[in-house]
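Have a look at this one before I ask anything.
As written, the chains take the letters A, B, C, D and E, and residue 1 is the first residue of each chain.
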Amino acid sequence: MEGNMILLLPMVCPVAAGIVVLAGKMFRKDRKYLTGVSVMVLVLEFALTLWAVMSGGSLTMLRLTERLTLGLGVDEVSRLFAVLTASVWLLVGIYSVAYMSHEEEEHRFFGYYLIVVGVLMGLNFSANLITLYVFYELMTLTSLPLVLHERSKEAVRAGLKYLFYSVAGAFLALFGIFFLAGVSESLTFTAGGVLNDGALAGKEGLLLISAFCMIVGFGAKAGMFPLHGWLPTAHPVAPACASAVLSGLITKAGVLAIIRVVYYVIGADRLRGTWVQNGWILLTLLTVFMGSMLAYREPVMKKRLAYSTVSQVSYVLFGLSMLNQTAFVGALSHVVFHSVIKHALFLTAGAVIVTTGWTRVEQMRGLGQVMPKTLACYTIAALALIGIPPASGFVSKWYLASGALSSGTGVWSWAGPAVLLVSALLTAGYLLPLTIQGYFPGHDFKGEEIQKRKLAGKEPSLWMLAPIGVLAAAALLFGCFPGSLISMLQSIAASVL
Amino acid sequence: MIQHLSLNIEETVAVILFGVGFTILLLHRNLIKKIMGMNIMDTATYLFLASKGYITGRAVPIVVDGVQEVSAYINPVPSGLVLTGIVVSVSTTALMLSLTIRLYERYHSLDLDEILILAKEEEQT
Amino acid sequence: MSRRRDNYETSRWLRFKKWVDGETDPLSSGMDAIPVVTEGQMRERRKNLALRKAYDEELTRLSAEHADKTEIMKARGIRNFQKFYKVMSVILCLAIISVLLWTIAALPVTGGADNPANNEVAARYIEKGLQETGAVNIVTGMILDYRAFDTFGESCVLFIASCCVLVLLRLDADSKNDNIKKMIAESDDRHFEPKDDIILQKCACVLVPVIMIFGIYIVLNGHLSPGGGFSGGAVLGSGLILYLNAYGYKKMSRLFTEKVYRRTTLCALTFYCLAKSYSFFTGANHLESGIPTGTPGAILSSGLILPLNICVGLVVACTMYAFYTLFRKGGM
Amino acid sequence: MSEIILALPVFFPILSGIFMLFYRWGKEEWSRKRELFIEGLVVANSLLIVAAIAGGADGDRRIVLFRLYSALTIMFKLDPMGSVFAGLVAFLWPLATLYAFEYMKHEERKNTFFAFYTMTYGITMGIALAGNLVTLYLFYEMLTLVTLPLVLFPLTTEAVRAGRAYLYYSIGGAAFAFIGLVFVLGFSAIGTTEFIAGGMLDVGRALESKNVLLFVYVLAFFGFGVKAALFPCYRWLPKAAVAPTPVTALLHAVAVVKSGAFAILRLTYFSFGTEFLRGTWAQWVVMGAALVTIAFGSTMAVREVHWKRRLAYSTVSNLSYILFGAAMMTPLGLAAALSHLVAHAFMKICAFFCAGAVMHQSGKTYIYQLNGMGKKMPVTFGCLLVSSLSLMGIPLFAGFVSKWNLAQAAFDSGSGLGLVGVAVILYSALMTGIYMMTVIVRAYFPSLAGQTEAAEEAALPGGVDKDDQEAAAEVVTAEDGLTDPGWKMTVPLVIFAAAILVIGLHSAPLISFLTMIGGEAG
Amino acid sequence: MSFVQNFPFFSIILAMFSGIISSVLSGKKARNLSLVMIAVTTALSAGTLLFCLRTGESYPYMMGHFPAPWGNEIRAGILEGVTAVFFGVVMFLAVLGGLDHTAEDVEENKLNLFYIMIDLMLSSLLALVYTNDLFTAYVFVEINTIAGCGLIMIRQKGRSMSAAIRYMIMSQLGSGLFLIGLSILYDITGHLLMSPAKESVAALAASGAYRIPMLVIMAVVGVGLAIKSGLYPFHYWIPDTYGYATPTASAVLSGLVSKGYIFLLIKIFYRVLGYDNLVSSQMVNVLYVFGITGMVMGSLHAIHETDTRRMTAYSSVAQIGYIYMGIGLGTQYGMVAAVFHIFTHSATKALLFISAVGLYEASGDKKDYVSLRGAGYRNPLAGIGFTVGSLSMVGFPMLSGFISKLLFATSALESPHKMLPTLIVLAVSTTLNAVYFLRLVITLYSRRRPEDAPIPEVKVRSSWHLRLAILCFIAVNLVLGMWSQPIVQAIADGLAMFG
């Protein structure tokens, strides 16, 4: 083990804490202990992440075989993802303290919650493909208990579905990894690719197949068609906070993996103009459109949000598939924005469930009377997701569209933005009705239930409201002041393209 | 071929008899007839052998008047073989007949198939 | 299937067929003695009848239309197999016959003096047989001296066949097995025995000595004239059988019992065995056997051939008689 | 005569086993003393093997026992590949024996059981150390016989049927392998069947009747493949799961089936020689068969609800990983096959032992009966988790290493079927994920609606008969008072799990050793 | 002329003589005499064998004062010696092992007759082995047949008698064909002794005369002896015969009698017809086809059988198929394999029949699968014996069956067209063997079920001679399996002496 040991800390610290939480008896009995320790660890985690990001460097952890090493390293992309993960995780953690109070077996949730963040950190800091794959698999496995938490029949089924889609995707990707390992010196991430031309000679076709397999495989986590099926099943049954991180961050792990594969191992140049790129674009656009359509037709709130995630993450993938700088910037910025926004949305949905028990959109008429502040935050986030300026979504979509138009991918360069536009309309169609119905339930709305259960003005507790608020604010602020973020992303884009 | 067969008329007859005996042995279910078939078959073989030893115009190989020339007598070997063979056939016939007697006493039938079936049934009970 | 006539049972064809199949018994019109059936026999028959009836019923049941389908198939299969078997046997036999005929067509012509079979072997038997064996009858000389081992084997065949018949048919009076005792009682066939048939007895009285003497003559002159141990023995045996038929077991048992039979056979075969062993041994080791061949043509000549003929004659006579008695009643 | 140490590990257990069969041990049926005796014996034998390997495993040490027939000598030889198998078995056996003591605690006729169990050790060693094909064949057949009583051990109708199937398949397979033996003998360049890295065929003569030889190779491959549960001949293995768990685990996941795979490796790399086989239709046939088996085994495992049978199907599939490696006919292929041979041994024995522990503690044999046991038997299910993950091929565990090597070898061989093979392996890995993780999930996160679900699942197609349904209706949730089994069971489990992790994390020395073997033989 | 050279003659005559003597002895004395005689005969044969091995030559032995073309002759060589010794050993052990059962099955005062048949059987077998004369062979074939028939029917049950009459009928067909073949042969060669006959045949073959008769002789003699030895399409008499005779008889019949005929056939092929003629006439291919058909069909029949004795009998059909397959391979090596399999099969099959006796004793004399369940525990030694026999049949290494299988397979390599069919049929047949034999072995070692009928009287401990016989048979099997090299060498040398 050699290198900067600090990189290990954001990984080890929460995992160890998670195991302690899972094993310790006192955490089962005393809720205060549990939440206190968890939040503290999350804060610590945030600090450690920042420290690690600052200190930079790399670390070789282990040699699996002669050629397979497990190594960590910090670069711009990992910085972005790490900070995003740590901060959002902290916020959701705070939210969970309140949210989970009415669930059983909280210690298990928090235990795995902590472990997952450690694994995610490992994923973010991975310095090579193998390490990435290791953490990717571990992430699947450790996040499984979050999905399973309810232990209802549906939850178990959904958990297994989640597992199988993820594992199937991972194995598809593994095919590519097997291949890439043979044609590269090492699988260490290097901007622009690490493939060895000599070894590659005569295997170009295979390279493309592998690349496509990996994109589709890792795309499973990112909810890309055709392996998107787990998302709408897993989200509704998981606790809202779990759904939030699942769709906000864990899907992003898939994105990260694709970025790493395409831009850091294979190299974007090798894919440009090939059938892989075309296929990929086609898949992302399909997903974008299909996700939005399904979301539009979905009555269950969390499921609707899940479909929305399917659609939105594919915006990111679409941006990546364009293989040009502008789109890349758009994609990465959409990673950040979508993460923030989707957390806000999911947390809201969770808050609604906790407070009122409503899950379907039509039940939520008059929500504005119950929790106006929350709904306001929701509205901001929704607008941001639709891409109404000056909220953040607009910025990323702008970059995406302009990148697409200048990408030179023929028909895609205008078909893409068109699909994005249609999808944005659909987004408005499926997100805004809640706001409208919430605030303006119409004349025929009597609010009998609200009165009966005395729900009026019953905002969720501050533990829940605060994170939602912070996230909604972030969604707005990122849109207003995107400068520093965009410039950082542009530097990344320049290095990889 | 026909001409040659007519020259070898004894053998031809013997062979046809052999075939008849063989057929009886195979086809008839009655044990006594089977034994007859067997005897016909054996006898046909002896006829065949004996005719092989015969040489036209020569005498029985019993030395008469001290004449010991080859040209005087027929070949004695097949005669000897037939003698031996007859004894063998007598023995086997006796054996088969005694078996038949025993089986008839037991099953009151000479039909071999029936005997086999009855024997099987007897064992099962 | 031919059209069935009303009077099919009496048709000529049926009668012909019955005759061919041997189903009609010309003696069926009451010429044979009415057997006295013992109770045990009846029981046995009833049992067998029941068995056979069951067997027939089984068959009819199987052929019945509403019987179990698989069983019908099975029965049909058996019937088909039987047909197939018959056809195949006929074909096989025809094939054998034609192959053998084909062979015969390629064999040397019968009676030809130059046939390959008439080679130096036969020549030596004829030319030197008299000197080497002392037997005037060349065939006897050959089978009892040149090829004596075969002949010894032949005696053994007879011996072992009689042993087998003994195994099968001998019913021991001192047997402990009840079943066998019953069988002895049942097979007591004196009911059929002509009791003091005067014509038979007188004929036998005349014939038996002649037959016996003739048999002895054939045996003793085996090396001089046609004949020998086997033919003589057979004649002797038939004499004994005639005597038995005429005078019955009681008188016969004064002359000839199982003990006598055994001892005779044993002595004869032992002598045969020892004598031939001596001869083989000396021959193989190129020793002089020291047995004189004597004057050709004399009764006491040709070395061991005469005693051997006597032995064979005894064995054959005993065996023939034993076969007869065993077949008849399972004991002497 | 230091070479005698090669024969000792073979005959010492066999003779001791026979001794145990006939020796009368006083009045009491079973005692601690005997356990100690058996364990001591097994450990001593393992130490012997270790000593033998430590004395050098370069293939020069050999001992000729006697001559069966002119060119057929019974000979032991310690070469690197043999030492891998020998070392593996030597490591597993003492632990498995320890486990068996606990498992068989309540059974009768323990003496017979352990006598045959010990004999099997020796015979497996015989296969590992066999210096030529004849010796291998001899011990291969003996293995069938000696393990038969173990399969029959419960003496139920089911066990008898399983035993019969096992026997028919094995003997039939051996009969076809025998053809291979004869041809190798007939076409051998050295006149005997001694294993030589790279094959011993007289290539000149072999090329004359090339297609016949290839056909024979395929026959022999399938013949030995019977023990390795190659596709059309796999049926005995799931049936044999009726045997006591130590038997299923050690024999039907390691010793017996690995002997089949090992024999195939010997046949391919050390007898026929890859030079002769590579690129021929025979290679494609055997590789295709291996791939079909991989896919088929995993699929069947998913359908199966009886736990041990599911694991048995998993074994079917995993064994063909090894055969796939063998069929690649490259140095890397051999190394990969060997690495999976080692890795799978640990994973599967661990998985089976977990199943056995559960059966022993609770009598549960069907997967839908396992609800929530994970908490009650933490050690057992912890180990099961490790082995499941490893079977799935999650990195950091042993299974990944071997899969990695297999895939690398497949890519390296550059054949189209090799690529298909990688895809099939990944498919199978996915199926593994399904059939192993369902168990894990059920054990740790029992569905609250367990009752209805169990009944429902019992009604699923997949060989669940009436009794099972009744059983399912009877018990669904785990009983109270269920704990981890005694130390004799848990210690081996933990050691195996640790071994899986060690191999997974630090496989470099092992892999380089195996690559060295591959380099010699390929 | 060395005195040892007389031994073959002595052994034949001794066996005959003791048979003759036995006719006046009591059963017990006849038994003792028979055992002593077999032992002495075996010793004499061993002496012959040693002599031949030492001198490395075969020698003819005149039966009488006249040399070859005129007088009878026998001939002793290495192969004859080996076979005679082997037959003696198997006969001795089979008689020894079946003593009790013989005493039960045979009426007491017919016991001596049984031993007469055993004695004459041995003498005829020895004569068949040693003979150098075709007609002698015919006569002794008849003795053999009648003695065999006697052995079958001596157990006077309905089935054994009907089996005996079937056996007789088939044998008579065979003898008839054999005799007609002999007659034709005599007609075209003029010789009955093998050596001169061979010269004439060679001359005829060289001149091309009498092609058709030669062919027919081969066919007729081959088919005749094949019927008698129970080659596949002519096997119908076998199961009843072996299945219902007394155990000694079954062991002797299946182990020795059919083998005697096969040995005679081989001898005629080599010593009279000339092996090369046979090969060139395609006769071997016919035998080959019958052989491999028998290998498979016999086993298939055996699988259907529930009576274990009949099953073992059907297995003989398969094994005889092996032998004919070996002969049919048309190579010297194939013939060695066939001869070796004669030994293997007689030792193994006799072991099976004899150890089955022990198992039946322990199962109330029932012979079906169900009754035998668990018999291996009730009579351990018999169980082991049966297991060893079965394994040898299946071709388990270290046992005799393996070596013969190996020999067959290696010899198959020499003939390019028959190589693959042979090997595949070998493998299939082995598998089938495994199916029925090992099914029984498993049954022997499985537990009785509650619904099984109770065993009336269990005789747990067999008599000492049965156990001794089983042990010796196992030893013979192991010896054949583990030290086969000298035996195979001797067979090869012996065949070379055949010419």
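Everything that follows uses one rule, which is that a residue touches a chain if its C-beta (ideal position, glycine included) is under 8 Å from a C-beta of that chain, and two chains touch if they have at least 3 such contacts.
Quick caveat: nothing in here was measured; it's all calculated off a predicted structure.
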item	value
Reaching chain E from chain B through chains that touch each other, fewest steps	1
Label of the chain whose CA centroid is most distant from the centroid of chain C	A
Interchain centroid distance [CA atoms averaged], chain A/chain D, Å	43
Rounded Å distance, chain C centre to chain E centre (Cα mean)	28
Distance from the mean Cα position of chain D to that of chain B, given in whole angstrom	67
Mean-CA-position distance for chain C and chain B (Å)	12
Chain B, residues touching no fewer than two other chains	18, 22, 26, 52, 77-78, 84, 88, 91-92, 95, 99, 102, 107, 118, 122
Residues of chain E engaged with two or more neighbouring chains	135, 139, 142, 146, 149-150, 153, 156, 161, 180, 186-187
Pairs of chains, among all present, that meet the touch criterion	A-D, B-C, B-E, C-E, D-E
Footprint of chain E on chain D - complex, ascending	66-70, 72, 134, 137-138, 141-142, 145, 148-149, 152, 155, 157, 160, 163-164, 167-168, 171-172, 174-176, 178-179, 182-183, 185-186, 209, 212, 215-216, 219, 223
Contacting residues of chain A [partner chain D, same complex]	62-66, 68, 130, 133-134, 137-138, 141, 144-145, 148, 151-153, 155-156, 159-160, 163-164, 167-168, 171-172, 174-175, 178-179, 181-182, 206
Touching residues on chain D, where the partner in the complex is chain A	389, 392-396, 400-401, 404, 407-408, 410-412, 419, 422-423, 426-427, 429-430, 433-434, 437-438, 441-442, 444-449, 452-453, 504-508, 511-512
Residue numbers on chain B that touch chain E, as the complex places them	18, 21-22, 25-26, 31, 34, 38, 41-42, 45, 48-49, 52, 77-78, 81, 84-85, 88, 91-92, 95-96, 99-100, 102-103, 106-107, 112, 115-116, 118-120, 122-123
Residues of chain E touching chain C in the complex	1, 5-6, 9, 13, 16-17, 19-21, 23-24, 61-66, 69-72, 74, 107-110, 113-114, 116-117, 120, 123-124, 127, 133, 135-136, 139-140, 142-143, 146-147, 149-150, 153-154, 156, 161, 180, 184, 186-191, 200, 210-213, 216, 219
